[in-house]
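See the structures that follow.
Two complexes come next, and they have one chain in common, chain A, joined by chain B in the first and chain C in the second.
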Partner chain A sequence: MSEEHKTTFWGAVGGKAAKSLAYAVMALFSVMTLYPIFWLAMNSFKTTREFQVSQLGFPVAPTLANYKGAWEFGEFAKLFPNSLIYTALSTLGIIFFSLLAGFAFAKIRSKATAPLYGSFIIGILLTIQTLMIPLFLEVNILGIYNTRLAVLLVYIGAGLPTGIYLATEFIKGIPSALVESARIDGAGYWRIFLAIITPMAVPVATTLAILNITGIWNEFALINILVSRTELKSLPLGIFKFSGSLSTDYGKQFAALVIGMVPMLAFYVVFRKQITKGVAAGAIKG
Partner chain B sequence: MAKVELKNLVKVYEGNVTAVDKATITVNDKEFVVFVGPSGCGKSTTLRMVAGLEDITEGELYIDGKMVNDVPPKDRDIAMVFQNYALYPHMTVYENMAFGLKIRKVAKAEIDKRVRDAARILDIEKLLDRRPKQLSGGQRQRVAVGRAIVRNPKVFLFDEPLSNLDAKLRVQMRAELIELHNRLQATMIYVTHDQVEAMTMGDKIVVMRDGKVNQIGSPLYLYNHPINKFVAGFMGSPPMNFLTVKIVDEGGQLYVVVGNMKLKPAPSHVELLKAYVGKEVSFGIRPEDIPVAAEGIDSSAGKILARVTVVEPLGAEINIYASTNEQSLISRVPPHHTYKIGDDIAFAPLMEKARYFDRENELAILPVKFDEQA
Partner chain C sequence: MSRMKRIDREEGRAYALMVLPALVIYALVMAFPIILSVILSVSNYSGGKMFGGERWGFAGFSQYARVLADPFFWNALRNNVYIVLVSVFGQLPLGFIFAYVIYRKLVKWPGFWQGVLYVPNIISIIVVGLLWQTIFSPNGPIGEVMNGIYRNDFQLKLQLILGPAGGFAVDDGMVARLLELAGSAGADQFTDAPAELKSLLLSYGPGQYGQVMDALTNLFVQKWSPGFLNQPGVAMLPILFVILWMYTGMYLILFLANMQKIDSQVIESARIDGAHEGQVMRFIILPSLSGTIVNAAILAIAGSLSTFALIFAMTGGGPGRITEILSIYMYNNAFLGRPNFPLANAIALIMVFISFLLILLTKALEKRYGGKE
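== the complex of A and B ==
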């Protein structure tokens, strides 16, 4: 066998080995991600008693009682629509204001651009924990504690720094000649925003939608300090109710977690292509 | 259609950078005027001030007799074609062309008629349903022009519209734009850094350098009567030859001395050159005005002896690069000459065509107008 053949042979073996290793690692990660979901779903069909006896086995007599109980005890009929409203309106608000501000920062030159843009960017560095008390006080001073408005305002505000950063950087990439051409064509800034910038900014809007839909659907810390009335709460607050300080009804808690997770899983399955792209775009821009 | 007047237009950017310095230009109704100059000369900034895309720092701008310094672009009744075409990528060709009319609330039937008429003129009827990314560079250029045509504006502005096209397409589009101007009889201002485009397209050329207008005139006037060394060197390809010469008076006869060779200036130039006796000046002569001294060529004014360094046969003519002891020059000669590199060669410059420039301020010594029409 010539030297060249040997190299090719070992090269092929090496390539196969590397490929197998890559698949093994990916398989491991898939199991690590999927198994907890599977485990959770499986145990949500067991009674708490059965769960305490067998935590890894399949349910002997699968029951939907946990779901019925969880839905009623957690008052999900009220919380589910709340979560939908908060997620949808906040996400739309974040996208709209991010694109609007991004357009202004990227394409309309002004002396105020740098300080204003900078003041939004600083927001990226602030953690939720540092904002909790000031936000709680502000909401009380404004007299909007325990209102949907408070939740929406805070969610939109919290999403804007990252949103404006991503939108501004994206819109900077749109050639200024397009804006100038539209101005000469007779369009005002508002028309340019709606007819030219927004359709071209769909990729960044998708990224913002993905980041915010998952984030807001699962958000717990902020809404926990903004509302106390059940009819204003979201799903994560409802699910938290199942962790009692003295005892926990595991069956119901698992069922509640599954209920909270299903919309996100469905969202992922439907939009998985856009999510992969969006996360990658976010990663590059961020 | 309209007349555009720029009176002492100044553009100063932040940091006190003067991009345009007192530009005074008149673009007459139906005229095709080309602003030309090297990059950074302020030609695009001047155009953008006319468009309303840049604020005017000082000076006055009139379109159709009305001062428009503070009038927004949309109300100036202008259309502009950009270097990178600036087509809206999410709209079809039809929608791109109709956009400006839609905003101006033109009736749907009228929009349709105008778009289809423009498409027919530009031969892009079959492309109306396509998106810009499905078009070639030349097609995009046509759509960009079409978008301007449908608006039927007072003034068309072109900002280096052909510079993204390949050489062959550029020549073709050049001819098409000239034809379009003849057909539309519109006022057009065209910006380019390419002097060939300027020479072939413009009724009038405005040569700019370092933010200043250097000279204004018809292509041939600028070619034959450049106001300074820059304009002389910028217009024409290959460029004008510049030799450093000395003006000498020998017993009442003036000579132009190149190294150890003596040339007799044209009689009409003698009077003006007298002021430079004993001084060095720049002697400018175009490549076609310095033929090889051969039979049938008048060489009574003297010859320039040189050695051939490069021969460029172009088919219809040959460019011969040659050098005297210290200076080099280019001559454009008929194709029958068979010179080779290293050959000795003698040129007989047509002294009547020679231009002279002051060595200090580089201005033409012979009388020349700054603005041919002024």
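== the complex of A and C ==
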């Protein structure tokens, strides 16, 4: 590095002072990010009484009573299986239907592809939360209000635009020669889809799974208008119950929030690399 | 029939069967609601059974006029714009700086920082909303810290009036100064403040300095309250802060992933040729990321339109509807009080219209900046 650069701002980047500053900034923002979560977890082990006296200290006599109370009041034993069902089935549905349509769009020539694919692409920016009122009325017309079917349909439908975009672009990258030679050998499109495309599309399927698992597990706005029976509710709906009647029972509320937070944090700890990659791939504008 | 025709037919059938499931679900969830919205927004449907119930029909475009004339609509739209501004001028630059610091290896452990800063994205928005609602509430930790500060400050002023620790003498002048310090709290606590306060002070012995301090502090000290959050223009600040807290990590990941696509040899050889960091940034990194930055800005606008749960959990649009955004404004019109579905659907379509403008903008920018990132 030449001498003159050391005096300028940009010349200093990479120098010792700049590095210390970079560490300081990153550390500051990391603490700001993690401390509220830590604070929440810490206070979930205090009684509401202790919380009111001291919010910033460690719990004097840590208790699990909040968790027991929250688990029962929130009826989490019912909500956990629901969340699992919604997340698993919707994600599988999105992956399957996206790969299927993506294969057709990418590898079967048709005049219909341009308008159909285009209409899915438009959906990427059409945020479905915008449509929650007509969706609510629609499920009532169809008679599927308060059913798992409604939740699954809406979740799958909401995931399809991005899913189909990513699947189509990925399958376009698979050499057409593979499909053509299989055709010459007499294989039908369904065989080709199952035997050639699906195994090769595992990376894009993983991306879709990552994107949708976190999104659907945490989803609130849509399921909030689709179901009202406890038997059908998901975790976020159950947690929201703690904001009204129990909003002053901080102990229970915090325990409920931790219960709502832990599954996805665990998922994140295990799949951090894939999630990071998936987010970068999924953040597309259409 | 020729072999070619048979193959064509098979091809067409496979295509249709493969595209159909996605198409049907997509139509049910996206297209049909939009059509329904168009119909209902110009109707006088008032809830209940849609077919075979109360009759309803065309009622003109009055709902759109009503929305556009409603100050709460413009308030909600303005709040949506605030969210976009926080994204574009807060999350994007911060995310970019973090990504740059990690990409240029100004810090070690790139995975660690990236991993930590992305954590809030993983947590359910409802959890985030309720957590921060507590933090900002008068009974939350900010309240505890602020009340501690108020208390210390008040006790310092008390010491000036009572004199040095050890003893104190009660007289009318001191009582008057105490009441002056107490301000309105004095009148709140007593009916005949000077006399009552004096007799209270006299009930303590001169040796009970600490007890008197505590008693006076408990009586008069100001309690912190986030009352300023009831002001329009200020009420959105906590929400905007939480949005910044929550999503900055997403832009970090987006920018970093695209920076890593830049051929590092280009940067290395530019550095060898004498370019300094500023020139690397100006002539290599920024141009390579122009598409990503536009993409991120569009994501920010779309994200603002899809925001719902965070505000639903934090404020529900209150106090006094000042923190409503379009989605909450729509929800409240449909589900709070007397439902007005035509109005709510008109709002939905206005939001869809904004989305379409956004899509057109995307297409235009894509032409200008080229390809997808």
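Everything that follows uses one rule, which is that the second predicted complex is superposed on the first by the 250 of 286 C-alpha atoms of A that agree within 3 Å, B and C clash if a C-alpha of one lies under 4 Å from a C-alpha of the other, contacts with A are read in each partner's own complex, and residues count from 1 in each chain.
Everything below uses one rule, namely that contacts are C-beta pairs under 8 Å (C-beta built on N, C-alpha and C of every residue); 3 or more make two chains touch, one makes a residue touch a chain.
Everything numeric in this text was worked out from a predicted model, so none of it was measured.
In the superposed model, C is the one of chain B and chain C that contacts more residues of chain A. In the superposed model, A:157 makes contact with chain C only, not with chain B.
Of the two partner chains, chain C is the only one touched by A:235; chain B is not. Of the two partner chains, chain C is the only one touched by A:132; chain B is not. Using the contact criterion defined above for the overlaid structures, shared-chain residue A:186 touches chain B, although it does not reach chain C. Contacts of A:199 after superposition: chain B is touched, whereas chain C is not reached.
In the superposition on chain A, contact of A:265 is made with chain C only, not with chain B.
Within chain A, the residues touching chain B in one complex and chain C in the other are 188. Against chain A, in their complex, chain B makes its touches with residues 51-53, 72-74, 78-80, 82-84, 86, 88-90, 99-100, 103-104, 147, 151. Against chain A, the residues of chain C that register as touching in their complex are 10-12, 14-15, 18-19, 21-23, 25-26, 28-30, 32-34, 36-37, 40, 50-51, 94, 97-98, 101, 104, 106-107, 111, 113-127, 130-135, 139-141, 144-145, 245, 248-250, 253-254, 256-258, 274, 276-279, 281, 294-296, 298-299, 302, 305-309, 312-313, 327, 330-331, 334, 341, 344-345, 347-348, 351-352, 355-356, 358-359, 362, 366, 372. Chain contact summary for the complex, chain A toward chain C: residues 1-2, 5, 8-11, 13-14, 18-19, 22-23, 25-26, 29-30, 32-34, 36-37, 39-40, 52, 54-56, 97-98, 100-101, 103-105, 108-110, 112, 116, 119-120, 122-123, 125-138, 140-141, 153-154, 156-158, 160-161, 164, 188-190, 193, 214, 217-218, 220-221, 224, 235-236, 239-240, 242-243, 250, 253-254, 257, 260-261, 264-265, 267-268, 272-273, 275-277, 279-281, 283-286. Only residues 175, 177-178, 180-188, 191, 195-196, 199-200 of chain A touch chain B when the two sit together in their complex.
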